[in-house]
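Chain lettering (A, B, C and D) follows the sequence in which the chains are written, and residue indices restart at 1 in each chain.
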Amino acid sequence: MERISQRYGPFFEPTDWLETKYKRERPNNAPRPLVLNTGTIADAAGSGYVELGKTKVIVAVYGPRPPIRARAGVENAMSGRITCEVVKSSFCYYSCESAKIPSRGFSEEERLLSIRLIRVFEPIVILDKYPKNSIDLFVVLLEDDGSAMAAMTLATSLALADASIELLSLVSSATVAVSTKHEYLVDPDRIESENAVGLITVSLPLHAAQLCEIQHNGKLSVEDWLSTVQLAVEVAQTIGNSISQFLLQESKNKETYPLSS
Amino acid sequence: MDKQKTQDASVFVRSFEQQEATLAPSVAKSSQFVAPGDDILSQENVVRGHGTMVQGTRLTSTVAGLVERVNKLVAVLPIRARYSAEVGDVVVGRIRDVVSRRWKVDVNSRQDAVLLLSAVNLPGGVQRRRTYEDELKMREFYDQDDLISAEVQELKQDGLIMLHTRSLKYGKLENGIFISVTAQLVKRSKKHFHHLPCGIDIILGNNGYVWIYIDETTAYAEDEEERTFPEKKKSAKSNIDQTLSAIRIRNSIYILDLYFLSIQPETIMLIYEQTIQKEIPVQHMLRPDIMNDIYRRVMNTKEM
Amino acid sequence: MFAVSKAERSYLLETVETGTRLDGRSLYEYRPISLQVGVLPSASGSSRLRLGETEVLVGVKVEVGETAESSTENVHIYFTVECSGSASADFLGREAENWSSELQKALESAYSAASVFDDERLKLVPGKFCWVFKVDILVLDTGGNMLDAIGMATRTALSTTLIPRVNIQQSEGTFELEIDDNPSACDNLKVEGAPIFLTFSLIGSHFVLDPSVQEETCSRGRLSVAVDANGDICYVCSFGLLDAVELARLLTIMKKTGKVLLDRLDECVRNGNSS
Amino acid sequence: MPREELISPDGLRTDGRRPLEVRKITCRMGILPRADGSCHLEMGNTIVLATVYGPRELSLRPSSSGIIRCEYSMATFASTDRRRRGKKSDRNSVEIASSIKKTFESVLLTDLFPNSRVDIFIQVLQADGGERSAAINAVSIAMVNAGIPMKDLIVSCSAGYMENTTVMDLNNIETIVREPQLTIAIYAHSEKVAMAHLESKASFEIFENLMAVAKNGCMQVFDVLHSSIEKYSLRLVASRDSISTMGSRA
């Protein structure tokens, strides 16, 4: 909890300055420090908080509960469904983008992120166990300093586990950027992602040799692409292991709680 | 060679325009053609049928088509339109919704047809009373999106179609391919369940919905031994062959529909055999150039 | 919404198991493509493409626009994907909007990655003026695999796009642009680098290329890749559980098929222009 | 555009037509197989695509006669100045859609399909004047293509008054001028007016003149449309019957 209150200064420097002066302060293959938390939101069935460097995401899960807005006719009632609302906090936009804040409703980016999250978790959540129910995800991206989708996936995974919703497996995710100098940068921050020639985000279930989602932007040859994906998978697995460690620890803490009180 | 197989990005303008060129316009104009609003040439005292209306002193058409005269009855049948039902028609339909004691069925008509719970055969006795449990289990009989075959039982005053499946040959459709065609291409006939010579069964619904399937009961009837072990004994090889013939039939029907040719077992087999004769692999059947070729051949054989 | 019954779904799965699809295609085969270029005389470039039941119309408008000082690009390209009324009837509420912004995003991402417009002739005044390409995509009929159809149609529309010649006069730091209106004095846009999309649907445990609506409805996942003529990957988007080991195999198929597809499209445009 | 240029001293218009001449009309029916009826209509450089679905299930409360819905939109690339218009909510589009809806409500025999609806979608692919009349003509053909019963065929044409001449079927350059312009849709046989839309004020004599010219234009349009419907339909009938006779012989 202490780390949440820690403050970071936003970047106000122009981008071209950063391009020349910017230097990665950690090894290329190391992700940024990861902060995990669950149960942050008392009201929700489950919640997860993830900090990936300066990128911060909080997710609340409500449900399984009867859908609030039923969609007529088309829904297959025999399995549940997932809804998702991603919101970028108004202070998460950086100087040049601040003008783009939509006045109302969701921006296009937020809607696309919501669809992506739903697609990641649709095959993972065992929806057959929740017929006629809906699992609602509310995601707030507090600060975006690169790899936001990965952080959101991790936080959602935590929140779903916290809500004791039946999952095939925990989901882990990682982003790898390929820099102009053809370096593989694991877990890139905002500047690195913006200047990358290739940016790959991979989400995968921890306990199967499968992938839930791949998103790639930029141009790479097939061989490079495959090796980048391979690297991202490895990183995601490492991150995933720390997530499951964390959850294990949490559940142990919970078990001991009633005894101590 | 491999390229030929995996790819075809061939160009053609519009299939209908190509067809125009190939079809000889030698149509014996046996009856008058009318468009909406056109006068129908007729004597006095005719009985006006579908597709006609009286405007002042004139008898006019309301659709585009040929004038049909049966004794005193004058009617115009539209060339293409949605299905208009008649009692006794066999239809293929898709369950659109399950509501209280009835299914709403899409039959390509002006409105959804209705299949009452009391109009289906329930397990355990044909004339059993419909209980409350039956009502709850309606989705187990026919669920949303399921395909069924049924017969038109009754037409209500406002055009509502009532269906029934009270016969063993009607009911849920399984193990096959669905294809939708123009309803007017399927002529009303005594028989709508056909067993084609290639071992495939089809249901030609009057409403333009066609179901192509492999009827396992007839397939195994020949061999008593095998009949006792269905599914398991089925050799994979024959299964693939059957599937391929079913797809070939599907594509043949697709071609008939595209070129607006009458769809009946004979014409389907004509296309089917033509493609076998020319050794056209089933995946190439729907290529525009090949379809055009098949069409031209079929029209030529007809003239001979 | 496209309806598929359980029986149809299981028959489709069984058939795909055996290596064929319900319209007779093999697993890695495209539906027949029909193409027409120059359909809209008022646009700088246009094409109409039909892929099976899917039909799209693309119009390209070329304008000279102002650009930010820092920008070094010669071309700004904007995509809009719009559903014609008859096609939008297949969607409910927000779905159409999400769907078109997804397609737009994919196109933008792929085109910005592929650096299509590295052409000297497109140079105007760096940091001052640039070309603005507005690519408007109108979906006439939705029949599955929209992304691939749109990708191909966009590429062909761009390849027929005519760029007017511009005379640049410089006087006291201000630039005067004089656009040559003569249609014969136009340059053809070079789009060798433009990518196309290839989409696989995951049906059962098999991947099928160029899914139809029915196959899309029955699929558990999707893999869309944008490739350019060199076989480089410009964009990837996938969802649904897919085996990591399959990726390499699928990419080889895509690379090969993409090449053939590009050749065929180019050939077709050439034939269309000459006749 | 200076006015003198609209009609040359020889009495020819900007696109080489005589005042009482409609543009070249071509139409193709049944081009979108998934729709019940569709029509791709070109009037000179104006291209319109109309699709008709139905009559199909009305999911609302029951009604004693059929309900018609109409959507009109203009593609972003339709006009030379690319504007982000054409959204269904656009005021101009809504107005045209509702006027087309009303026009066809009067001519379709909606009593024949209670509890059903007919959906009309109009997409203007290229706008070069006379979109309203092109749209009506296209919908009319699409209705025929869908086999929906109608009292009469509706045809539409525009007329304008400029430089002391009345001309029919205006193109884009001619519509820009602020002079009286009239678009009418009439029942082809009974010649009843189904819709009339006048822009700018016109004196009574000019109005009558415009009316007569537009009507004349409608009849020219009707001839083209009727013959293409006949050609298309007879081809389909021939196709259908040719093989069925053979089928019975086999």
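Here is the rule we use: a contact is a pair of C-beta atoms (placed from the backbone, for glycine too) under 8 Å apart; a residue touches a chain by one contact, two chains touch by 3 or more.
Labels paired with UniProt names: A = Exoribonuclease phosphorolytic domain-containing protein; B = Ribosomal RNA-processing protein 4; C = Ribosomal RNA-processing protein 42; D = Exosome complex component RRP41.
Not measured: the values here are computed from a predicted model.
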item: Pair exhibiting more inter-chain C-beta contacts, C-D or B-C; value: B-C
item: Identifier of the chain whose CA centre is least distant from the whole-structure CA centre; value: C
item: Chain whose Cα centroid lies at the greatest distance from that of chain C; value: B
item: Interchain centroid distance [CA atoms averaged], chain C/chain D, Å; value: 32
item: Chain centre separation (chain A, chain D; CA means) in Å; value: 53
item: CA centroid of chain B to CA centroid of chain C, Å; value: 36
item: Length of the line joining the C-alpha centres of chain A and chain C, rounded to whole Å; value: 29
item: Touching two or more other chains - residue numbers and ranges from chain C; value: none
item: Touching two or more other chains - residues of chain D; value: 33
item: Sites on chain A at which at least two other chains make contact; value: none
item: Touch list for chain B against partner chain C, complex; value: 3, 5-14, 94, 96, 106, 143-147, 172-178, 236, 239-240, 243-244, 247-248, 250-251, 254, 281-288
item: Of all residues in chain A, those that touch chain C in their complex; value: 16, 71, 74, 108, 111-112, 115-116, 119-120, 122-123, 200, 204-205, 208-222, 225-226, 229, 233
item: Complex interface listing, chain D residues touching chain B; value: 28, 30-31, 33, 36-37, 54-58, 109, 112-116, 143-153, 187-190, 226, 229-230, 233-244, 246-248, 250
item: Residue numbers on chain B that touch chain D, as the complex places them; value: 14, 16-17, 19-20, 23, 25-27, 29, 33, 35-39, 51, 53, 55, 60, 62-66, 78-82, 96, 104, 106, 110-112, 158-160, 184-185, 187, 258-262, 264, 266-267, 270, 298-299, 302
item: Complex interface listing, chain C residues touching chain B; value: 3-8, 11, 14-15, 18, 20, 22-26, 28-36, 256-257, 260-261, 264-265, 267-268, 271-272
